[in-house]
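In the two complexes that follow, chain A is the common piece, with chain B as its partner first and chain C second.
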Partner chain A sequence: MISELRGWASSAYNWMDERASVRSLLRKGLYEAVPVRGAWFYTLGSATLVLILLQLVTGIFLTLLYVPSVTEAWQSLNYVRQHDAFGSIVRGIHLWSAYVLLFVIGLHMVRTFFSGSYKRPRELNWVTGVGLFVLVLAMAITGAFLPWDQAAYWTAVVVTNIASYTPIIGSFLRALWRGGDTMGPVTLVRTFGIHVWLLPAILFPLIGAHLALLRKHGEFGSYVNYRGAYRAREGVETPPAPTQRRIEPPYPAVPTDELWAAPLETEDFYPYQTFKDGLVSVVLVAVVFLLAVTIGAPLEEAANPATTSYTPVPEWFYLPLDELLVLVPQQLIPLVLVLPAGGVALLLLLPFIDRDAERNPFERPAVMIPGAFAVLFVVILTLLGSGRLFNL
Partner chain B sequence: MAVPDRRLSRRRFAILGTQVVAGAVTITLAVPIVGFLISPLFRRERVVEREVGNVADVTGPDPQKFIVTFPQNAWPVPDVPVAVYVVRVGQGYKVLSNVCSHMQCPVRWQPDLGQFLCPCHGGLYDRTGLNIGGPPPKPLPEFVHRIDGNGVLFIQNRFTEQI
Partner chain C sequence: MIHLLPFLDVALPSQAPQGGNLIAARAAIGVGFSIHILLAGLVSGSGELGPAIEFLGYMRQRRRYDRLAHGIARFMTYYFSVSATVAILVMTVLLVGFWGHFWSVMVRIAWWPLVIEALAFIMQVSLAYLWYYTWDPLRNFKALHMAMGGLLAIASFIQVYMIDIVASYMLTPTPPSNPIRLALNPTSYPLTVHRTVGNLAYVGFAVAGFCAIKFLRARTVEDRAFYDWAGSFGLLWGVGMTLFQPIVGYSYAKEIQLHTYASWYKMMRGSLSTVFVWQITLLGLMFLVAAFYFTRRLRTDGAPGHSLLRLMTGGLVLATLLAALPHHLAWTLDDVAAAGLDRPFWQGGLINPLGAMIPWKVLALMAYTLLAIAAVTWYVRGLSGVRWGNAGRGEQRLLIVSTILTVAMIVTMGFIRENGRAPDLIAGQMQIQQQQDVSPQPTPAR
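Then we have the complex of A and B:
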């Protein structure tokens, strides 16, 4: 019986393989060589992917209950809150996995920055990654508009209004987004379209490119995987022969050139790296699920443009920008656009500015110190903002 | 040595012609898409006038709050409420919007401070709507208004200055 099933499965597999090359696709996907040292840090990328896919799945199901209209958006979610426990959990997962995603994608970026993995030949991995980071932030901020409760409404007012401080075309941009000078039905429909179609249509192909580039060049990992190679170049010591890779090496067979250096020790992506990836993702998804069930996604009172008592509190990921809005004096308000735009531009240019082959973070002070200050700046803004809003 | 034939062959002409036509079709398709996207920029907002109340009710120096409903832009949905502050200035009145000139947050009158306070980023305005502290770059917007012979105040859903 079992052997019969096995025989049937194997012939089905062979049938598919003859037509769609599943065998070589699987081998290519699973038997990539990955540097051994620091492999737990590489789980941040796969965790980001898992959380984005969780967003996709829960997001698709949320469109089955949510109505993108100013008169019904809040009503539909309020109905779910009162009468649909599972729908509330789906909404909770969508919210909390977005929060965790923003955190994890940030860590992934910091890790890549720290280990210098953006250097030749992986510049485009970094550039696509910066694009993905910006798109995820855009998804988060457009998603925050959609419940059309008080929190959502005032977030929408402030965020669309920030666009109006763009030099020259500011008020056009705001009108384009709002569908008029003031907030209205078009504002919500346009933001919904941007959130569920426009941004994902760019996001998912970009993920494909990011992963294809990763597979093309392999994980760089960390400089610790290349120590022997560096020393060998300086004639100090002969490195041990690198572990033989099974298929299509993106690394050279011998660690000769540190730009293209092969890590001294690698292991197969499957099952070693996938075990670590799986463990981290399972823990994160479990945390998301628990938060979704216990805390869930809040829904405040329906949007009321005439309020004189509601105090808008921004989403936590948007706190640094909100604190900037408080600190920047009235003559310099466009700074709140220039600073983030300049930051993104610097990130995109990073691999083309920092072209030195050196990957050791402690040997790259010219990059690490400004980077540390930038992170510190964002952290301080967040702390100031939370202190102001929550009287910490 | 053979001289290359530079004349346009019929085949080459057909290929080039198809590419040109395909390009023209693409551009033509983009026209309605871009056009409908930017259409709100050219739409004239419907101007309506609503009754606020009688100015005789505005006693004392403090701004008094009224709620007025205005239509929203685009297709018909229920009118939305808007907060309006009416304040005596000399012999006349100012009709102030509670939309902060900084990020359009909902400003409120704080009787204890004697000032308008914006809850978002701490903007402050005096009782006549003049920005006196924090990040707001301009005074509070003023509604276009008129007062009839009986002292009834009417406002339009537009401001004296573009915001």
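Then we have the complex of A and C:
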């Protein structure tokens, strides 16, 4: 029986291979040289991809339940909460995987930044990565509008107001997003459209480009692959290059300093890296599932624009900007908004500003000091903002 | 000294001055705590910065980092006893003597933070000495030694956080029965971040000043090179950390505004607003002196970037002038409003619109911060062209000035914070005048 099944599977595989070159595709996809050192750091990228896919699957499911209308949105989710245990868990997974995704993508960027992986010839990997980060943030913010409960409504009021501080076209942008001067049915429908159509339509091609560039240049280029190798240090002799295993072209057998093309030790993507990637992703998905089951996705009272007693609380990923906005007087809000916009611009330009071949984070202080400052700044603002909310 | 008293026809009081001598008591506590903060901040900051420098040295494989970290470790072991003595003096003599009722209430409310504080203190002392005395024996086990340094940094942080719970509670009290609310009272977060970052900056500036003096006295080429580098490193570290302070400080002020409005009003718009202007001006001066040092240090070696740094220094002069403009020319905003001077001239007022506290002060702070970030980045970029040991005497004097400005800043901040709450010891709960006389009385005869 088993041998019969095996025979059928083999025949099916051969049939597919003859028509779609499955064997060569798998070989190309699975047998790629990847670095041994720093392999666990690389799992952040695959975890990001897995979480985005989880968002896609749970998001598709939620569109089957959710009604994007100001009169029905809250009711449809409230129905799910009260009568559909499975739907509630799926909604919880959608929310918590978004939170974990923001955290993991942030870590992925920080790792790439500190290890200098954005340097030549991987500038476009970095640029597409920054684009993905911004899009994921946009997905998170627009997603927060959709439940149309009190939290969603007032988040929408604040966020669409922020758009109005854009110089010259601010009022136009707010009216465009809201569908008029005030919040209303058009606001929700437009935000829903942006969340499920516009942003994914940009996001998924960009993911494709990011992955294609990753495969073109290889998972190399990070400082963690080379740490301690090749470089003479004060009082330390340069170690001799050890014997290399054979690496498929275009990777040279001996790493060259000018491109940092290949690390000292490599292994095949399958099964070594796939195991690590799989393990980290499974753990993260398990954490998301646990949070979805135990805490779930909250749903406050239905939106009430007339209320005067409700205190809006921002999403945690919005806390740094919220804290800045709380601190400055209204006249200076446009100046504060320059900070995130300028930050994104600087991130996009980073590989073109920092073109030195050095990848050691401790040997490139001109980039690391401002970078560490920016990361600490965000962490401190988040801490201060959470402290403020705790004592509201 | 005591023998002279009869000749001067004065006598020492039989007990601590109380009741009618509030000014003397407040002055003694103010001076005592200022000295305590200056010493304790340095020790706590050293317990955090020293291990960080040792780690940096290990990662960069540069011996000068190890030498600097070792020097900081030696400093800690020398100064710990002085710091501890002053702490005990202010706690047990001044606080118990002058504000006895307050302190006994405070100990009951913040019992656990104070107990943890004491335990963290024991940990900090033990680890500081171990960290210093095992430097050479554990040279071949650097990871172990650095782990010990990491524990020292954690102990130093816990110690600061615990005492900050007490200090912040005094300004923004919460129901004392809830330990979580007590530990996370509205200003405990911002004060802890403010002080932790501040201590790290302070020790950086102190290193800069100390190394400047050592550089001026150095006799060997090796020492000159080391102290030149260490002074520059200390200043960079100090400025880098201080860059966080405007935003953290304003966040702290915002919490005070939300939860203890009277104190905030006094600090920002009332009788202390002039001192606040001085504080902001001091911050500008600190950045200005640092940028001037950066410019000169690069210029001395002809390193690239000093021309642009000179421009940034000019920008910092303008920003400092903007910050230094007084909020108003009277003592309180009410005085200004009563005189009809609180409107800009285009609305019929007479006051210089640049003198308003907000938003111009915030604008000045933003300008400081952005210019100082740019100056730090440009200086770091230019460091590849610097040869350590070539610095001039003028640069070293700038380092010493930056240390003095930092000390002035710390004392000013302490003055504003404590006087913002006065005459309350616990805001809205207990005043200075409400101290009980706890002098022992003879037991009545039966």
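Please note the rule applied: the second predicted complex is superposed on the first by the 359 of 392 C-alpha atoms of A that agree within 3 Å, B and C clash if a C-alpha of one lies under 4 Å from a C-alpha of the other, contacts with A are read in each partner's own complex, and residues count from 1 in each chain.
In the analysis below, a contact is a pair of C-beta atoms (placed from the backbone, for glycine too) under 8 Å apart; a residue touches a chain by one contact, two chains touch by 3 or more.
All of these numbers come straight from a predicted model, not from anything done at the bench.
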>> Just to be sure I read the superposition right, which of the two partners does A:366 touch: chain B = first, chain C = second, or both, or neither?
In response: second
>> So in the superposed three-chain picture, is A:304 touching just chain B, just chain C, both, or none of them (first/second/both/neither)?
In response: first
> Counting only touches as set out at the top, which of chain B and chain C does A:326 meet: first, second, both, neither?
Replying inline: both
>> If we overlay the two complexes on their shared chain A, which of chain B and chain C does A:70 touch? Say first, second, both or neither.
In response: first
> Which partner does A:40 contact after superposing on A: first (chain B), second (chain C), both, neither?
Replying inline: neither
>> Quick check for you: in the superposed arrangement, does A:352 touch first (chain B), second (chain C), both or neither?
In response: neither
> Counting only touches as set out at the top, which of chain B and chain C does A:312 meet: first, second, both, neither?
Replying inline: first
> So, does A:197 touch the first partner chain B, the second partner chain C, both, or neither?
Replying inline: neither
> Which parts of chain A are touched by chain B and by chain C alike?
Replying inline: 326, 328-329, 331
> For the complex, which residues does chain B have touching chain A?
Replying inline: 37-38, 40-41, 43, 45, 65, 67, 72-75, 77-78, 80-83, 98, 102-109, 119-122, 131, 134-137, 162-163
> In the complex formed with chain B, which residues of chain A make contact?
Replying inline: 69-71, 154, 157-158, 161-162, 171-172, 175-176, 178-186, 304-312, 322, 325-326, 328-331, 333
> For chain C, which residues are in contact with chain A within the complex?
Replying inline: 56, 59-63, 174, 184-186, 188-190, 193, 197, 236, 240, 243-244, 247-248, 250-251, 254-255, 258-259, 358-359, 362-363, 366, 373, 376-377, 380-381, 383
> chain C touches which residues of chain A in the complex?
Replying inline: 233-236, 323-324, 326-329, 331-332, 335, 362-363, 365-366, 369-370, 373, 376-377, 380-381, 383-384, 386-388, 390-391
